[in-house]
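Step one of this worksheet: look at the structure below.
Chains: A, B, C and D, in written order; residue numbering restarts at 1 for each.
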């Protein structure tokens, strides 16, 4: 039997396999090396960076919920400069896509980072996280207003020659509208989904568990919402999709591929099982073998038939 | 290391009402575990793995037996996670991530004072064993709710180490009445000047502290005044336990006095007491 | 010790206690009688009705997800007439609020049901479910467009003398905006939240599990989103809130009260534990006793302090 | 009734590879259980109750022992729920909702034919016991994958009932080769006219069917042709299991030929075969 072709494409980029790790859950790529060698993965997405260093939110930053996790890290990161100097070089050369994740509070923030991140910088693609509040527009999120989202994408595309992935927020009435907006802005691919806004309350202390009150809900709890959004966007928009939200097993990953994702990202699943990416990769391979698919790409969107 | 821990013993520690449990796990992690490290474990038998609770729980390694490839964890049933853990039976297996973290450092010579508040005693036993093996002079200050708690939480085992102990309880039912910080302060006061300012015999006394945050802060501040090096073991909610999620940061002052964040899971859980910024929630 | 006053108020209505059961999970009030006597509850909300009978969606209608449940019942119900004739009379007289839940596909649908349901009909209040597609407006949901939501509320208020509760959908960018809209429309209280739109895929059959493709996600998985929405609306809008979404224990219920709900509804939690409403009621009572609250009302919104 | 079921026995049925399990539960439900009813159970020990899996699982009552207050459930490990259930140990308790549902009706006199496909045999044993006690003439038609399956799924126990049996397997390793519908058709063909059209001796043969949907449909259609009353036991995904959520509806034709919905949990799981509308997904 010929081995299954596990490669997949995200626009111009070819991934060795469809397994990526999600931004903010995989540090700057070093932390999980003892559990999962870099070259086993299709790609890794690094922690979100901002132009200047940020200390992020006070603790507690995490709260456990049923089959879910709330986080309010608040974009703690060393800033663009330190990232380029001290973190990126450590990753060295791997056949694995290195995806930088950028966040900002203004168009200029995004543009300045895009300018500094080009094809020669050791990065394979840029993922643009638009779920921060747009400070200039009274805190309205870039990620919930189609017009702002389009502008951010256009600003980033104008400054970099790297492929650009738009990471969408699920906290919207119309996810398809948001996907169309970033496509107009020039996005080469989509990442779906970021966290759902949630909170939890400590009934002993009678106040919110998270120091920041609100946090982003991730993990298996949100998977049905994520699969639904991937499905809807795959039907309406012709861009490759990185599907994520609650993947902990290969079955979950296959669900996203069948819904129309060309690759999947594993976030909170790494905390549950640090070897999840490896096990998921092998599980998808076996699924293909047993069903006679010669390429993993054949799975993409299959559940939309009939 | 990610591996399976076979439950070979799981029992009440002392009084059932104290909700303290002893859990002995067999697995490859025991060979490489060091005093003061912790593991991050799933609370459910791997064979009935559920996604609720989702997160692993960090628990300190209380004892290490390398020959039998066993580690002992001591814990208090507190919330949902430990309540479910308490139902695990011998023969079941738990997913174990670790050993993780740095642990306390052992001075080359001199005296080591252990200061524990409540179940903060748990990670100190393996340290005590190692310190004794290394020939260090050991002293324990341990405060708890009452006599029943101290006795349940391992007092007999500590007594067997035959080290000097200052016990205190909130209700005075054993040792002195009050907080553990008082006996520590008195002992520090009684130190010869040479020990106090650290000039004559550099760092003769070292202190390792584990307990509630407020108590660790008090002891750290005392130590600062007396110029005695102290190490504290911090606790914070953990996501990944390997340094990847930034969930568990603590605030420190770096050598130039700037506020920085470190990860309790990867850079700690033990930090120099004088570097910790206690009043920052982060 | 004086017994804790467990009564709570929803606008004009006084409830014996803050425990209600959620629409669609408690049938027409009879099904759970063996597990939970009616008079123990503050209120029950009946299955959503429409002007005409509906057979609803094909099966499978249910899919289990991590700590959650997807349902696509599709509003199966006997229709208004049969409801009034055969179902409502069976409930008899109880000191428990009987809340009818109405759904429709046009303003006329809602208005006609409101007309038939008045104070003398054995019902205590009307809950208006606005999460059905507005057929006249191309399937856009009443529940996701503030203007339509306001119109539905106004139409219902114009026709009935019963207190009217607006049941909001969480599938919106701005829940506070929706709450304000139904307040303008005349809502006397709010129910928060209905289900999150989700789906799941059967990887063996390679097609959606639910015959309807999409379904509503309920259960503990969504609790953090529900608590967040209750919190946000409680800060911004001065209407009593029935909080729901994933309540299975008294701790969960207290979380909603502290977030600002004046009562709570239990839906999927009944499936997990048919005695959940009773156990939750006792749990809240004990919580009040142990902390010295003489009235359960004192808990409402407490976590917003400082 | 909502109560706790204490696990007093939990073991493989026959070959491990067949993934069949026997679970014996002790509790108050046994006193009121009737043949053909089911329970809706939580798959996790109540003491480690988790919210994942969230839903209860419906499992038929296979045997009832009122003196010992025990019921026996037989199940196949299929998905996540039954996989986790399979880990439950003696001494643990499961939350049991039930007994629920109607069960097959027992004719006053005449012959009762049981027709089972695969694990559809499980709910029929208690019925058989009751029918024998009542003096009915009993006959079993049972089809399965192969010999190993039938033997694991309780063939010996059935043989002990000493009733007439027609076995069939897909691979011919036991009984006739093919589907169970064939022997049923042959037997129906052999019936005297009086039984066939139901005129001479009203309803002398009654049929109770449990198995995969397609098989139940075939048998129900056969019975219609032969004018023999058949009851079928439907399966549907359940939310509440008490009739409150409308998750588990099935399509039937009412007496006036109109399409109506009934609830498998409350109105069923057993329905008259001729009323079921098979081609409606609902």
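We take it that contacts are C-beta pairs under 8 Å (C-beta built on N, C-alpha and C of every residue); 3 or more make two chains touch, one makes a residue touch a chain.
According to UniProt, the chain labels map to these proteins: A, C = Dihydroorotate dehydrogenase; B, D = 2-polyprenylphenol hydroxylase-like oxidoreductase.
Here the structure is a predicted model, which is why all the values come from computation and not from measurement.
Student: Touching both subunit A (Dihydroorotate dehydrogenase) and subunit D: give me those chains, sorted by label.
Tutor: A chain counts here if it touches both subunit A (Dihydroorotate dehydrogenase) and subunit D, which gives B, C.
Student: B-C or A-B: which has the larger count of contacting C-beta pairs?
Tutor: A-B
Student: So, comparing C-alpha centroids, which chain is the farthest one from subunit C (Dihydroorotate dehydrogenase)?
Tutor: Farthest chain from subunit C (Dihydroorotate dehydrogenase), going by C-alpha centroids: B.
Student: What whole-number Å value describes the gap between the mean CA coordinates of subunit B and subunit C (Dihydroorotate dehydrogenase)?
Tutor: Distance between chain centres: 47 Å.
Student: Can you give the whole-Å distance between the Cα centres of subunit A (Dihydroorotate dehydrogenase) and subunit C (Dihydroorotate dehydrogenase)?
Tutor: Taking the mean C-alpha position of each chain, the two centres sit 34 Å apart.
Student: Subunit B to subunit D: how many Å between their CA centres?
Tutor: 56
Student: Just the number, please: Cα centre separation of subunit A (Dihydroorotate dehydrogenase) and subunit B in whole Å.
Tutor: Using C-alpha averages as centres, the distance is 36 Å.
Student: At least two other chains touched by the same residue of subunit D: list those residues.
Tutor: 51-53
Student: Multi-chain contacts only, two chains or more: what residues does subunit A (Dihydroorotate dehydrogenase) have there?
Tutor: Only 63, 66-68, 219-220 qualify.
Student: Classify the chain contact graph as line, ring, star, complete or other.
Tutor: complete
Student: Any idea which subunit B residues touch subunit D in the complex?
Tutor: Per the touch definition, subunit B meets subunit D at residues 44-45, 47-48, 50-53, 84, 87, 89.
Student: Where on subunit C (Dihydroorotate dehydrogenase) is subunit B touching in the complex?
Tutor: 66-67, 220
Student: Report the residues of subunit B in contact with subunit C (Dihydroorotate dehydrogenase) in the complex, numbered from low to high.
Tutor: Residues of subunit B touching subunit C (Dihydroorotate dehydrogenase): 51-52.
Student: Within their complex, state which residues of subunit A (Dihydroorotate dehydrogenase) touch subunit B.
Tutor: Within the complex, subunit A (Dihydroorotate dehydrogenase) contacts subunit B at residues 24-27, 31-32, 34-35, 47, 55-64, 66-69, 71, 73, 76, 211, 219-220, 248, 268, 270-275.
Student: What residues on subunit D touch subunit C (Dihydroorotate dehydrogenase), complex-wise?
Tutor: Residue positions touching the partner: 1-2, 42, 51-56, 81, 95, 97, 236-250, 259, 261, 266, 280-282.
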